[in-house]
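In the two assemblies presented below, subunit A is common to both, partnered first by subunit B and then by subunit C.
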Partner chain A sequence: MSATAAVSATTPLASRLLAELTAIVGAGNVLHQRDELLVYECDGYVVNKKVPDVVVFPTCTEHVVELVKLCNRHDVPYVPRGAGTSLSGGTLAVGGGVMICLTRMKRILEINTRDRYAIVEPGVVNVWLTRALAGTGFHYAPDPSSQTACTIGGNTATNSGGPHTLKYGVTVNHVKGVELVLPDASVVTIGGITDDPPGYDLTGLVVGSEGTFGVVTKVIVDLTRDPEAGRTLLAVFDTVEAATETVSGIIAAGIVPAALEMLDNLMIQAVEQAFGFGFPTAAGAILIIEVDGIDAGLDREAQLISEIVQSRGGRVQKSITWRTRKEPEYVAIWKSRKSAFGAVGRLSPTFCTQDGVVPRTLLPHIMRFIEGVARRYDIRIANVFHAGDGNIHPILLFDERDGEQVQRVLHASREILEECIRVGGSVTGEHGIGVEKMALMPRLFAPEDLAAMIAIRNALNPEGRCSPSKLLPSGGHCIERKSPGRRASA
Partner chain B sequence: MNETAQPSWPDPPAAGSLGDGRLALARLRPETVVDLCQAVGEHVRDGLAIYPQGGTTALDYGGIPGRPGVAIDTRSLCRVIDYPHADMTITVQAGITAASLHAVLAEQNQRLLIDIPQADRATLGGVFATNTSGSRRFGLGRPRDQIIGVNFVTSEGIEVKGGGRVVKNVAGYDLPKLLTGSMGTLGIITQMTLKVRPMPEASAVVWVPFTSLASLGGTLDALNTSGSRPVALDLLSAPAARIIGESLNVPAGDWVLVIGLEDNATSVNWQINRLMIELGRADLTILQDEHAAAGWAGLTEFSAAELGPVSCVVSIRPSGVIPFVASIDPGRWAVQAHAGNGIVRLHALGDWTLDHAAAEIDRFRSLAEREGEGGSVILARCPTGWKVRLGVWGRPQADWALAERVKQALDPIGAFNPGRFIGSI
Partner chain C sequence: MVTATAMDGQQVQDAGIDLDWLTRKIEYRNFQECIHCGLCTASCPTYVETGNENDSPRGRIYLMRAVTDGRLGMGPHVRRHLELCLDCRACESACPSGVRYGTLIEPFKIALQKDAPAGAKASLLQRMILHHLFPYAGRVKTALAPARLFQKLGLLDLAEKSGMTRLLPPTLRRMMAMLPRLSGARPRLPEVLPPIGPKRARVALFLGCVADAMYPETNAATARVLQQNGCEVMVPRSQVCCGAIHYHSGVEQPAIALARRNMTAFDPDRLDAIIVNAAGCGAMLKEYPHMLPAAEHDQAARFVAKVKDISEFLVALGPVAPEHPVPLKVAYHDACHLCHAQQIRSQPRQLLAMIPGLELVPLEESELCCGAAGTYNLTQPEMSERLGRRKMDHIEATGASVVAAGNVGCILQIARKIKERRSTIEVVHPVDLLDRAYQGKQA
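Take a look at the complex of A and B:
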């Protein structure tokens, strides 16, 4: 499409829907000019792009209901979107249509620390809830690295993890219920405040369904007690091998840290340039190891961890003793870790992250494998990841202008994920299948497994208008993958 | 389904019980998953219902079996498929008993974080199908938090899997969670992968008697933000405390609050001292080590107690536990409340008439299901003849129509456990 023809134009579909959309949400909550829509052509996964015909911002559940009815009447696909930080193309408007952006449904509706729950609208940014809870002695446990941007609706749809989900569990372990606008435009409350409602665990089914069952308009989450205290250790190693052996050693010793994160040399350099926390730039790898709980019991655990670190040839460079997660050194080390993604830009203009998982004892193996892949394909790979969970995030650095290099990156990515599958792992620990990894689903699941999942999707989303062509490899619009993403994360 | 010959219920002795006095036309105990698939496929084609059975500890749990069928016993599928203990996961077949699993895990000083009564009989498949849990769910989580992979056999006789064997995995829909608590109505669970954890170094059961409920509300409110981090907060009425405490050498009380602690030894000792200060009492009975284990066992087994004709499980807000319990006649009901979770287990005491039981269950339901509360009352057991009137599951939840669609997707002919679950399922 030529640049001039498109600027400020509205697509025929948008023109057709505009009056009705505006009547539902108001003119201030509709985007339809091509230049305004460009932002929404992709999310954190930038390989595939598709500009939606129109983007709408409902501000209440009733809006969503009316929007879904409208899409049904006009037989138009729609896709929910939160902050658009998905790293698997979950929000891609495959086939165009209406993008329902939930970021203006952003109220925290209730916080109840006595009964340990909060009810939020889907557009509430993850960290807002944490902030709203400051001083109560409670927090919302899932803490994706993107938590300052991503929404709890998006976290729910993708079943997000984060550094502290090692001990505390991922999003699905903390969602008690949702309000969902179904593809037939009915509103249903699934789960709720109280435990064990009689019926199927549809909450468990909806969390992680990547928007394929409807639009989440409320989320009931549980609240977790703050730990009394913690110890956060920075352990330094000459080699990645020694660091990964340490990870396995800690888990095998029966210690369940609150977080256990690894950065390799390339990542250390990038993060150090960006934040200057004081990471040793010559180190082969570092581990951030955190234990939390009752203060009285923590020194022993920290000591045990130090011994394991030393026995693998590492040394503990820093040990932060904290009472709250607000202490400056604590904030600094985690800022460095959680912003690692932003620092990758210093290494390479373009990069792509994979999200494989291996049994945690196989970390040494998969890291050796990744080193081998990097050598064989002659590409640089940086690593920053949730080591304690065996959830790797190799970041493949490349120059997107070099088509041949791009192909090498694609092959290398595929080889790493295939190896994760071969050793009994998964192709995604937290970023989701989205459009990116649909082709790998048949490698993880047998046709009858996929058929069962498709049957469930068809039961809840029979017309397939809600978030078409995501998650499950079946029919619909096919997406050709030509180049890897430019982004990375962990 | 075979349209012409509608199978009818067999005469005794038939092939053993399906629960609630209904008898099985046949009983199969497949040695392999392939055999199990074949058995399901064949009997479904013959128009028979399929009743999965494990250790039969929950045979009478749920509605009355709805149509004639065969029992499929999973207990020969009891292998440990893979136990990479250093990964803290285990993959087992569903027919393994909880006790066998505990023994395997104990060799590596690990455990499954679920309190399971009648562990020598209960199979893991049954535990997950019925969503069994106990006192320590407060601190350790529910069955859904422990399961990461599942295989199950559908009514077409095909084994389907969801999830995987690694602790973090978001590929595909979370079928492990869907099958957990599904009461065997979506398929026969044949295999699961579970998260396991190291045994805690120390464990303590703190036994605190109270003479009345009056001060307990405030105590529980305060414990919600205690300096300690209990893994269990059970409230027991006098008869419950007497039965559980029988072998523990603990003082009686009109009410007893049981506070459970697990962590390393330094932490547990610190927490015990902390609790003494917070509760302002020096007369706590503290069970540690093997005494703590006996305490946990007592609490766990009591959840499956059969004292009178009726037992029910009330789920409400944690803050509502004391007001709710205060509305109950403790002479008629033995109470074990997992107060931190808002789960109140009630066991009827003495003789009851159906009318009286119905009035009580109705009253509980009207309290629990109040607008904005969304609670529930499940009838865990009662005489078969009372089930229809009392209603096992209560009013269907708001999402039940959606649940029926999921059932339709996975078991369109209603082959599995007909009559057992909610509504028409």
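Take a look at the complex of A and C:
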């Protein structure tokens, strides 16, 4: 990779580059002063930091094209950024260079409920689209916990999930096409407003590519019909084991819940302290189980779930019957869940969130394993996760001032993720690889697999100027982690 | 003089701000509570407008911490991004980690004002208005007397149309543009008003300074509504401005002096509640313990325990159902200092929903600041204008004939937009509508 020509503020190259950038987007859309660049040195992942040399705010595809051409001409790396809520350093300006901030490309260009699609610019915040759809009977299904802040461009780059992806699928299942500015500055439209175009599924390739194939400038998304009604149950258990066994029991019974979330005791305490929803703070674990669809069948499904819960020694403490997802109690329970990571700040000033995946039936196993790790390393670990997907989020609490404890947290994290790999899972369910987990890629994939991925990346991004040192390890570019991060959201 | 390591290894020679004072005022832990998740960003009106991380709560916390850590000096850019903050607290509602953003930005705003370079300091006119006019409802009324007369004679409209107002200093011009249609001077409320029906509570009414001068009718309506609900209403003569206008524009001492006078004017031990109908004042009164020295915290806490927004109080008391229909389509705008600073959202809506014939329609982005934000519309006119336009677009889209807001600042701002657009929409306080429903009078 040649993407190392960092721009220092004083070189002639820098001043020429700055002048040309300004000519493209206008002075009001460029930040280049030290004190305005600092806030762009990290995103939701704060372990590694790098201040970009310049931040630009394009307002249209043509701007992005010209910016990419310019970076190519000057051999300067560039990285796209949305809201900067990435939990794995996906928007870190690793080699310095130009940060292309897409927050001013924030128009919803078209909503078509008859053909069930919307076309949005990448800077549109996830929840804005759902808000714009209010009253139409449709919504945009992927709902990452950070949906009130994160952008659809960023969701596309990381193939974001969320609580409701168990039934509705993740971002890739809802992106029908994209407009992409390739690293050679050409503009391509992949996919479209109709389903399943012939040929390679290039849309599927771009979604989740973490910015390594170019800069997405438009996203065509699928709209999902609102369910007629739903039931959201709060089930309470004495132990995490009983809760995780219930998860498998529900799926085995042929029920596909819209969401199935677990919080353990530490997490319940944090969330209750933050939001006071009325969660039982003495419980070993709770499950939030949601079913939706045609109203007529829901009570029976809820009854069935309740029986499964009871057969595992739990009880349903609350059942919310809703017609729309705006009802206050519904909003309150999901606000508590979706803000759970942030609420951990109330338990411990520093914490590190992991994002692993195991086959769903092995949830009881991995939870026992995590409990063992917590004991062996003498660390408090809180758990909140998308149980239905087998996507775990152990949160390791620690004091960053205690160097020895920090080391224990690093070892404990590694052990948990390695166990995920060992049992056939993965090291990220939804946060992406970014810079954080690059070093784990060789453990997850054989050299041949990685070589195949690198070959694809090199075909589209041969100079590696676009989002350098992300997603795929490549000689000498791995960033070694020295301390665990403190992260929120998921 | 503070010396520290700058971000690129250079020394920050001059912090550009009184760091000693700031470190005494701000507990460093408050910075650490921010875990940098970014969930606050899209709740912030200025970030939503500019898309610049520097104009987001997370970004501003990062900037303030960098200045505190000596990584950055307080230069013109950092100053501009901090001054652009509306202090609307929407970020506190959004923050899962419980960051008390106000405890960070407010000391910084005070320090910024103290150390402002000549050009950035409040103008003499602004200071005059701030220190010598606003705190005194009587003076505001007197100052408005000529405006009232001119309005009556149609001279003000003439002056605006002919462009004569352009001769005024910008601050005054913007204030002129905000003037509501002033009603005739009305006699001040008596010191004691009896309850109607059996007495249920003994309350005192906080009048406010700007509110009382601009919209005295709303204070009168509040008193009547309280009487209707069986309250004996005291109106202490010695009450003064809450101090919010000073405090939020970075002038601490006068705010503290006003707080002490109010704590003397209202005796919490002899009252069931101290009723406020302006969200900005209510939020300020509730923050007295935070503002005052530790020795006065107990006294302030006793006072604050009784401070209630009118909607908060009525809903808790159990409001008497109004009889007369008010057949209007109404949109409700959440004043920042009600919904974010006081977490009061459902109560005003509950009161409006009680009114027979009234249809409450949802307002898009109802919790996003309208751009009034105390004196913000005078100090940051451009952003204030952008947010005002955004708010008005949403209001017009509802098709409502009336928009209700529980804060005088919002009402003034929205009224100005209505006037500019020659819209027929009416902006009122929810209490005004409730009063109509009790009295059976149309506006």
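Note that the second predicted complex is superposed on the first by the 471 of 490 C-alpha atoms of A that agree within 3 Å, B and C clash if a C-alpha of one lies under 4 Å from a C-alpha of the other, contacts with A are read in each partner's own complex, and residues count from 1 in each chain.
Operating definition for what follows: a contact is a pair of C-beta atoms (placed from the backbone, for glycine too) under 8 Å apart; a residue touches a chain by one contact, two chains touch by 3 or more.
Everything quoted here is computed from the prediction, not taken from an experiment.
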{"item": "Partner chain in contact with A:D35 - subunit B first, subunit C second, else both or neither", "value": "second"}
{"item": "Contacts of A:A83 with subunit B and subunit C, given as first, second, both or neither", "value": "second"}
{"item": "Subunit B versus subunit C as contact partner of A:R131, first or second or both or neither", "value": "second"}
{"item": "Touched partner set for A:I395, first subunit B, second subunit C, both or neither", "value": "neither"}
{"item": "Of subunit B and subunit C, the chain that contacts the larger number of subunit A residues", "value": "B"}
{"item": "First, second, both or neither for A:L263, with subunit B first and subunit C second", "value": "neither"}
{"item": "Touching partner for A:S248 - first (subunit B), second (subunit C), both, neither", "value": "first"}
{"item": "Footprint overlap on subunit A, comparing subunit B with subunit C", "value": "none"}
{"item": "Touching residues (chain side subunit B, partner subunit A) in the complex", "value": "84-89, 109-110, 131, 141-142, 144-145, 154, 158-162, 164-178, 180-182, 186, 197-199, 221, 224-225, 227-229, 263-271, 313, 315-319, 341-343, 368, 373-376, 378, 393-394, 396-403, 405-410, 422"}
{"item": "Partner subunit A, residues of subunit C touching it in the complex", "value": "7-8, 29, 32-33, 35-43, 51-54, 58-59, 62-63, 66, 71-73, 75, 77-78, 81, 94-98, 346, 364"}
{"item": "Subunit A to subunit B touching residues, read off their complex", "value": "113-116, 137, 158-159, 161, 165, 169-170, 172-173, 182, 188-205, 207-209, 225, 228, 248, 251-252, 254-256, 293-297, 300-301, 357-361, 386, 389-391, 424-433, 437, 440-441, 444-446, 448-453, 455-460, 471-472"}
{"item": "List of subunit A residues in touch with subunit C within their complex", "value": "31, 33-36, 38-40, 42-44, 46, 51, 57, 83-85, 101, 103-104, 106, 123, 125, 127-128, 131, 146, 148-150, 274, 328, 339-346, 349, 486-489"}
